[in-house]
Amino acid sequence: MVEKHTSDIGFSEAPVRASEWRRFRRVFFERKLVTFGLVVLVLMVIAAAFAPLLTPYDPYELGDAGESLLQPGGEHLLGTDLLGRDTLSRLIYGARTALMVGFISVFISGFIGVPLGIIAGYFGGVINMVIMRAMDAIMCFPMLLLALLLAAVLREYDVISGIWVVIIALSIAIIPGYARVTHGVTLSIKENEYIMAQRAMGSSNMRVMFRHILPNAFPPLIVLVTMQLGALILAEAGLSFLGIGIDPPGAAWGAMVWDGYRYLANNTALWLSPGIAIALVVFAFNMVGDGLRDALDPRLRGLL
Amino acid sequence: MNPLKDEAILDVRDLKMYFPVTRGLLRRKVADVKAVDGVTFKIRRGETLGLVGESGCGKTTIGRCVLRLYQPTSGSIFFEGEELSSLSESKMRRIRCNMALIFQDPYSSLDPRQSAGSIVGEPLKVHNWVGSQSEYNDRVEQLFRLVGLDSSMTDRFPHEFSGGQRQRIGVARALACEPSLIVCDEPISALDVSIQAQIINLLEELQAGIKGLTYLFIAHDLSVVKHISDRVAVMYLGHIVEITKSRTLYENPLHPYTKSLLSAVPIADPFVEEKRERIILKGEVPTPLNPPSGCSFHPRCFMATPECSQAVPPLRDVGAGHQVACIRV
Amino acid sequence: MNKLLVCLLVLALIAVPLFAACDEDGVTTTPPTTPPTTPAEEEPVYGGVMRVVGGTFPSVVGYPPEFSPTDSIYALPCIERLCEWDEDGVQIPVLATAWVVDQDNLTITWYLREGVTFHDGTPWNAEACRWNFQLQLDGGRLPYGQYVESLEVVDEYIFRMHLTDYTWYMIEQYGWVMMISPTAFENAGDTLEERIDWARSNSVGTGPFQLVDFQRDVILVYEGNDDYWREGMPYLDGIEASFIPDPVTAAAKMEAGEADMWIYAQSVQSILDLEEMGLTVNRGTGLSGMFWSLLPNSSDPDSPLAIQEVREAIEYAIDRPAIAEMLGFGEYEPLHQIASQDWPGYVEGYDPRPYDPAMAEQLLADAGYAGGFEISIMATDAARDAVSALQAYLGDVGIDVEPDIADFGRYFTALFFTGWDDLVLAASGINPDATDLFVHFGPTPMTFMTGNIYKSPEYLALCDEALDPQYADAFEAMDTIRDAVMQAGEDAMIIPLWRDLSVAVMQSYVHSDYFMIHGVIWTPYDTWMEPH
Amino acid sequence: MPSIPGSEAYSSDKEKSMAELLKVENLKTQFHTEGGVVKAVDGISYHIDEREIIGLVGESGCGKSVSQLSVMQLISTPGEIVGGEVIFEGQDLLKYKTHGPEMRSVRGAKIAMIFQEPMTSLNPVLTINQQLTEMLELHLGMSKKVARERAIELLGMVGIPSAHNRIDDYPHQFSGGMRQRVMIAMALSCSPKILIADEPTTALDVTTQAQLLELMKDMVERFKASLVIVTHNLGVVARYAQRIYIMYAGRIVEEGTIKDIFGKPRHPYTIGLLKCIPRLDEEEGRKLVPIEGLPPNLINMPPTCAFLPRCSYKVERCFQEPWPPLKRLHDRHYISCYANTEEKTGEPTER
Amino acid sequence: MTTYIVRRLIQALVVLILVTLIVFFVMRLLPGDPILIYVAQTAELEAMPQERIDELRAEFGLDKPIMVQYANWMAGIFRGDFGTSIFYREDVGTLMLERFPITIHLTLLSLIVGAIFGVLAGMLTAVRRGKWLDKIVTPLTYVGLTIPVFLLGILLIYAFGVKLGWLPISGYTSPLDDFWLSTRQVIMPVFCLAIFGVAANARQMRSSMLEVTRQDYIRTAWSKGLGERAVVMRHMLKNSLIPVITLMGVSVSIILGGSVLVERVFAIPGVGSLLVSSIFGQDYVVVQAITLIFAVIILLVNLIVDISYAWLDPRIRYG
C-alpha cells in the first residue's frame, strides 16, 4: 500500500469547491512586485490600445524650427527628439510596437514550436531525434545573432518589410524554446496514467496529443511566454542598436534608446525614458511570469 | 458470487511479454526483461480473478497486454472468442469498448484539465456510443449515480474530489461503455485504509448488479485480493506459481512462495499473530533481466532441492482447479 | 510593499548618478584642459605621440591597388603620391616636382623629387615610380588605366606615360597613385600572393611617419621618420590611431582626455558639445562634409520619377533649410543646386526650387498624380532621422514614403551596380576642384549606378565640353561646369539636400591647421602638440 | 523462525516499569497554509519507555508523522510547533533552538529517525560511505578511517551482502529494501536511545516489509533502544508493537496495549478501522463495513469531535461538548469518546 | 558513463552537421553579390571591368553550384581553411585566431564572474530567505535581467570613464602584454556581459536551493544532527548546482550574443564587432566562420554541461 506522503503535511482530501481561483489569486498577488508588474502591463496595454487618444502630439509629426531636442518640461512633457517629435507620444506609440513585436512573435513561434514539441515528445524515436536535434541546432546560435542574421536575410527579399522583418526573425529564433518546454512537459505528462487511460479506451493519437496533452502543457507555456515577451523586447532593442530594427519613423523603444543615445549628455529623457520603459516592461513581464509560475504550478520553480 | 456460466471470457495462453534491454551506442538489444514469461489462465464470465505478486512480477504487464496497450511478444489472448494480438488497430478500437481499465493512482489517472463529467463521458465520445447530447448527459449522470457520486458534481474538476471519489470517477469511466471485462490494476492501493473498503464494496456491488461483469483484479495486497476474488493467481518473476480458489489459498497454500507471501502479511490481531508461523524470505527478488534457471524461486526457497534449478516447473492441476508450479508438491 | 520600495530605490540609485553625470552644471572630476587660447602663430614643439580615434579603420595599409578611401587616408602618413590638392583644390607637387603634358604625342612626363628615400632606405626614382604604376595596372586598379599605352623610365628622375587619349582629368587620376617601396614588396615573399599578403598589413613608403604596428580594427602605430624629405618635419614622435566604431564612445574618449584627435567626426551634437568644452574643432575647408542628395530612378519609364514635374514636385516639397537646421544644428548647409557654396563650381544665387508645398501639389496634379503615390527611399541606418524627416515632408504633399533601411552591403550593391527601385538617399564626397561632379554624375561616373539616373543630352554635352583637353585643369573649365550645374538643376536631375559635417576634433593643445578634404587628404607632417 | 513478538517485554507491565524515556505533553503543531491554519497535531501526549516498541497508527493526514518530526524539531515552514513539551532525559527539547548545538546533539545521536521513502531520503549525490560516516565523525568523533570501518560493520549488521564493496556506491545503485537497510544502519550508527520509524516499510513489498520489520526489531533489541513505529497498517503493529496510540485528525483517540486495542477496541474509529479491513483469515463472504464519509479537512475544524460526522455511535453529548480528553478505562487503556461503545461491540475478533 | 558521453558526442555531431547546414545556407540566402560588395568597398574611384569581376568570382569559388560550394567549404573547414575574407582579403582562419582570443577572454571572465557571484548570491539569498540580504539582492537580480546591455555599457562609460575617470573607456589589451591595463579595460565590458549571468544564476540557484531544501534527504540530513554549514555545503550545494549548470549553456549563448553589442560600445576588436561589420558588409565568409564557431562553442559548452551532469549526478554517471 502506497500512501501518498510526499510533504510534511499529509492532510489532503476534500478540497473546497471554487478555491482554485481564490488560491490562484492569493498566490499570484501574494508578492507586491507581481502586482506591480501586472499594473505596469495593464497600463501598457491601455497605452497601446488608446495611443491616439492618450498622446498629446502626433508621434510622427516633425517639430517646427527650434523644437528640436527640447528638454523635458513645458509643452512637451518628456521633451522632443532631433526631429522635434514629442518623446512622450512616441513612447506611448512605442508600447504598441513592443506589444505587437512581442505578442505576434510569441504567437508565431508558439504555433510552430508547441506542436513540434508535442509530436517529438509523444512519438519519441526517430521523430523525436529529428525534431529535437534540429531545435538543438537552432539553439546553438545566440538568439540575438540568429535574429540579426535572419533579419538581414529577410530584408533582402522583398516579401515582408518593416516591422514584420523583426517579428519573423525573432519568431524563428525563439521556436526552440517552445519546442523544448513542450517536449519536456509532454514527456512528463505522457507518464501520467490518464494518457494510458485514453489509449486504453481507444482514443486516437491526435486526440491524445491535442485534447489531453496540450491543455496540460499550458501552465509552463504561459510562464515561458511571459519570460519570452521580456526577452523579445530586449532583443528588439538590441537589433535597433545594431541598425536592423524597426524602420523609421516607427516608434520602437529600442530604436528610441539608440536614437537618444547619441544625445547622451544633452537630453537625458530622450534615451532614459524609453530605456526605463524597456526595463520596466521586461521586469513586469518577468514578474508576472514568476507570479503565474508560482500560482499555476509551484513545481515549475527551477525548471524555467 | 458464482460464475454465471462456465464460459471463458478471457483465455490467455502462454503469454510472453519481453521488453528489450538496449545497451551501447547503437542501442543494441543485449537482453530481454522477461516481464511475463509464459502465462496461461482463463477467466470465466462474471468471475473475479485476482492476480497477486510483488512489484516487478509482471502482473501489471499482463493487464496491459490484455488491453493490448503492449503488443505481446508471443502467446495468444482470446477475448470473447476473438484473438486479440492479431487484430487490426481499428478492430481493436472496437473491442476496447468492451474492456476497461481502472488504475492505481486516482491522481494521475484523471486528466486534471477535464471536468469529471467529461472524463466519464470520454469513452462515450471516443466510441460514438451515444446518439445525442441529451443521451450523453443522461448516461453520464446515470454512471455517476451508479458509482455513488452526486450527479450534480459532473462539472467539477478532479482536484475538487477526494481520493476515494476520484477512484469512483475512474470506475464510472471504466463502466461507461458497459464493458464485460474490467482490468482493475491496483485500484485501491493508493487509498486510505478507511476508504479502501468503500471501493472494494462498490466493485463487489457492481458485479452483483451487472450481469456478466468480469474483473481481472491485480493487486499486491493478498488480503484484499483474497477478499474480492473468486480465484487467485499468484505470480513470481513473470510466472504464475499457483492458481486456486481464494478460500483454499489461505487454508491450503501449496507453493512455498505462496506460503511465505501469506506469512509475510501481518494480521491485525495479536492473538492470531502470536500463533502464526513466520517465514522470512532471504534476499531480494532477482531481476527479471536474468532470472534464475529452473524454478525462478529456488534460490530463496526453503524447500528447494538441486532439481529445482534444472527445469521450469509447469503449472499442474492438483485437483479441484488448484494449480501449482512446484515439483516438491 | 518592502520589495517594491527596495526596487524603486535601486532604480533610483542607478538613475541618480546618471542624471548627475549628465547634469551640465554638475561637479566634474576631470574637466577637459582648457588653457588660455594660444596665439595664432606659435613655434611648433617637437615630440609627443598623437592618439587618434576614428569611426572607420583600414583593412589594408600597404597595398595601394586594394585601397579603399578609408584605407588610403590612414596610409597617408606613410605613403605619398606624385601630387595632390592644396586647400583650394589646386594640384600641388609632392613626390613629383613638375609634370608636362604633350597633347599631340599623348604623353605625360613626370619630373620626380630627388633625394627622397623609402623607409627601407631604397631610393625613390623613376623606376620605383614605373613599378608602382605597373602594380596598379596589373591589379586592374589604375583609374583611366585603359588609356595607358606604355610606361617609360626616361632617366633616374624622369618618368613618362604614353597614352591613347587625353583629358585634363587624368593628371588627378594618375598623380594620385600611392607609391610604395618596390624593394620591400619584392623581398616580402616568394610568390605574388605572399607579397600582397604581406603588403596588406605592412607599409613602406616615403611619408613623414613609418608604420610600426598594425592590428586590423584595433590599432595603427606610426613613428616619426627621421629622414623625411620635408626639412625639420614631422614634429610628432608618432601617431597611434585606434578604431572606435561608436561615436558616443569616441566622444567620451575625447572628453576624458584619452585621445588627442578624433578624425572624421560626424555626429554633430557630440562635436558641438566637445567644442563647448574647449576642444578645437577643425572644420577644414568647408568641403570636408558629404554632399547628400536623393537620387531618383528616373531612367525607368514606368516610374513616376521619370516625369520631370514629379522630380520638381519632390524638390519643392522638401524644406531643405529646415531639415539642414534640424539635422545639423546649424552646421549643415542646405543645398539648392548640385553644388555647395564653398565649391568652385557653385552658381551664386541659383535656387531653382525653394520650399513650396503648394507648388509641389500643383506639379503632382499636372503630372497626373493628384492623389500622390507610393515610393520607397533606400538608405542606411545612419540616415534614419533624415529619412523620417523626408518622409514627413513628402507625406505632406501626398507622397507616401516607405523607408527601406538597408545594410551597407545591399545599399552599396544597389547604389553602385544593380540600381535602386525609387529613390536612394546618397552621400558623395566633394572635391575642392569640382571634379567630383564627373566622378559621381558625369557621363561615365565611377560611383553611382549610371543607368538609373536620367541625364539630359544638354547636361551630358556640357559635361563633355568641360572635360575637353583644351582646358589644363578644372579651374579653366569652371564656367562650363557651372553651366552643367545649372542644367542639372533645370532638369531636376537629382534632388540635392544638404552638405553635412565631418571634422577633426582636437584637444586644445593639438595644432593641425590643415587637415583633410573628404577623406582623401591628410597632412599630419606639420601637426604638433604642446606639452600637456 | 516462529516467535512471539516481544513476548517478554509484553509481559513486563507498567508496574515493573522501565524508566520513562521520552514524554510528550500536549504537543501542538500547526501549518499556516493558503486555506488557513491546519492543526496537524492538536495537543497529543504520549510516552515511550526504555526498550519499548510502540505503534502510532492512523490514516494519512492524521498528524502521526508530523508529531514525530515535531519531536525532532524538523518541522519546516509553513509549519510551526506552537505548544507542548517534549521531555527527554529531563530536558524539554522544544526549549532548544531548532538548529542549535543542544538539539543537534540529540538528533541522530540520541533520537534517530527512519523515513518512509527510501528512494528520496538518501542524498543521491553522496556515496553511502559519505552519508554513513558523517554522523559517526560528528557525534562519536571518529576519524574518517575508523568511521568507514564502523560503517562497513553496520552495513553488514543490517544484512547488506559484501558491505565493503558496496560502501562507495551511490543510493540509486541499491534497491528500495537495501536503501531502507542503509537508513536503518545510519539511524542506529550512534546507538540512539529511541528509533522513530516513520512508515518505514509502506513503499516496499510485503516480503521485504517482513524482512525489514524483523530486522528493526532485532536491531533495537541489540542496541537496547526503544522503537516508535508510525504506520497506517494495523497488522504491522499487531505483530510488533507492545502499546499502540490510535490517531485521528491530529489527536490521539485511543491508547492501550495491543491486547486492549485489538481485543476490546473502544473508540468508534478504532472499531471502524478493524471492521473495514479485509483479513487473510476472514470468513468467506464476509462483508466489509466501510467507515462512511471522508477524513476531515483539518482547516477550520469545529471544536467538537472530528470523527463525529462519520461516527455510528454518536450521542447527543458529542454535538454539544468539545472533543473529549483521553480518559482512562483501565490500566493502560484510554479513549477519547463520550459514547459507550462497549455494548455495541461484540463483533471484533475475540478468539 | 562512457556510453552516455559517447552518445552525447554523437548527438552533438548530428547537431553540428545541422548547424553547418544552417550557417551555410542562411548566409547564401543573402542575395547581395559578395563580389560586387567587395568591389564597391575598394573601387570608388574607378570602374572595374566585368572580366576582373568574373575572375574574382572564380577566385572565391562563387561560380560553382551551391552544393559544391558547401562541400568545398566543409572540406576546407576540416583542413582548418575557413576561406578568405572578401573584405579584409585575409585568411579567415588567421583572422579568427586574432579575434577569437579576445572574445573568449571576455566570455570566460564573464562566465566565471557570472557563475561565482551568481551562485554565491543565490545561495546566500536562499539560506537567508526573507532576510534583508534577500530583500536587497533578489530585486537587484531583476534589474540585471532587464537592463539593455548597450545602455548599461554607455552608462558605465559615462559614469566610470568620463565623469569619475576611474577606468579606461574603451579598447583592449591582451593580459599577456599588460595585465594591469588589460584588467582595467575589461572591467566594464565584463560587467555588462556578466550581469545577465549573475542575475540568472542567482535566481536559478536561489530557487533550486529552495527546491532542494524541501527534499526528503535534507530532512534526513537535519535528522542526523548536522549543522547548517554541513547541510548546506555538503548536502544541498551539489544537488542545487545541477539545474544551475544547465544555465551555463544559455549563459554562454547570451554572452556571445551580447558581445556583438558590448564589443561595439567598448570598441573591443573581438569577433562580436567583427561579426556586425561583416554582416553589414556581407563578408559572408567571415560571418559563416564566426557563426559556425559561435555555434560550435555553444554546442561544446552544452556538451560539457551534459557531461558535468554526470559528474554531479551519479544517477547519470552509472545510469
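Note that the chains take the letters A, B, C, D and E in the order they are written out, and that residue 1 is the start of every chain.
Here is the rule we go by: a residue touches a chain if its C-beta (ideal position, glycine included) is under 8 Å from a C-beta of that chain, and two chains touch if they have at least 3 such contacts.
No experiment lies behind these values; they were computed from the predicted model shown.
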Co-neighbours of chain C and chain E resolve to A
Most widely separated chain from chain D, with each centre as the mean of CA atoms | C
Any idea whether B-D or A-B has more C-beta pairs in contact?
-> B-D
Can you name the chain that lies farthest from chain B, using the mean of each chain's Cα atoms as its centre?
-> C
Give, as an integer number of Å, the spacing between the C-alpha centres of chain B and chain A.
-> 48
Could you state the distance in Å from the CA-based centre of chain B to that of chain C?
-> 88
Distance between the CA centroids of chain D and chain E (whole Å) is 54
Junction residues of chain E, two or more chains touched | 30, 32, 139, 142-143, 154, 158, 214, 264, 279-280
Which chain B residues touch at least two other chains?
-> 162, 192, 221
Pull out every residue in chain A that's touching 2 or more other chains.
-> 1-4, 12-15, 33, 152, 156, 243, 261, 264-265
For chain D, which residues count as touching chain B in their complex?
-> 1-5, 59-60, 175, 177-178, 205-211, 214, 232-236, 238-239, 258-259, 262-263, 272-274, 276-282, 284, 286-292, 294-295, 349, 351
Report the residues of chain B in contact with chain D in the complex, numbered from low to high.
-> 54-55, 162, 164, 192-198, 200-201, 220-224, 226-228, 247, 250, 260-274, 276-278, 280-281, 284-285
Going by the contact rule at the top, pick out the chain A residues touching chain C in the complex.
-> 31-33, 36, 60-63, 65, 68-69, 82-84, 152, 155-156, 161-162, 243-244, 247-249, 255, 259, 261-266, 268, 272, 276
Sites on chain A touched by chain B in the complex = 1-4, 12-15, 17, 20, 191-194, 196-203, 207, 212, 215-216, 218
Per the touch rule above, chain D residues touching chain E in the complex are 69, 72, 74, 76, 99, 101, 103-109, 112-113, 115, 117, 120-127, 130, 134-135, 138-139, 170, 172-173, 183, 186
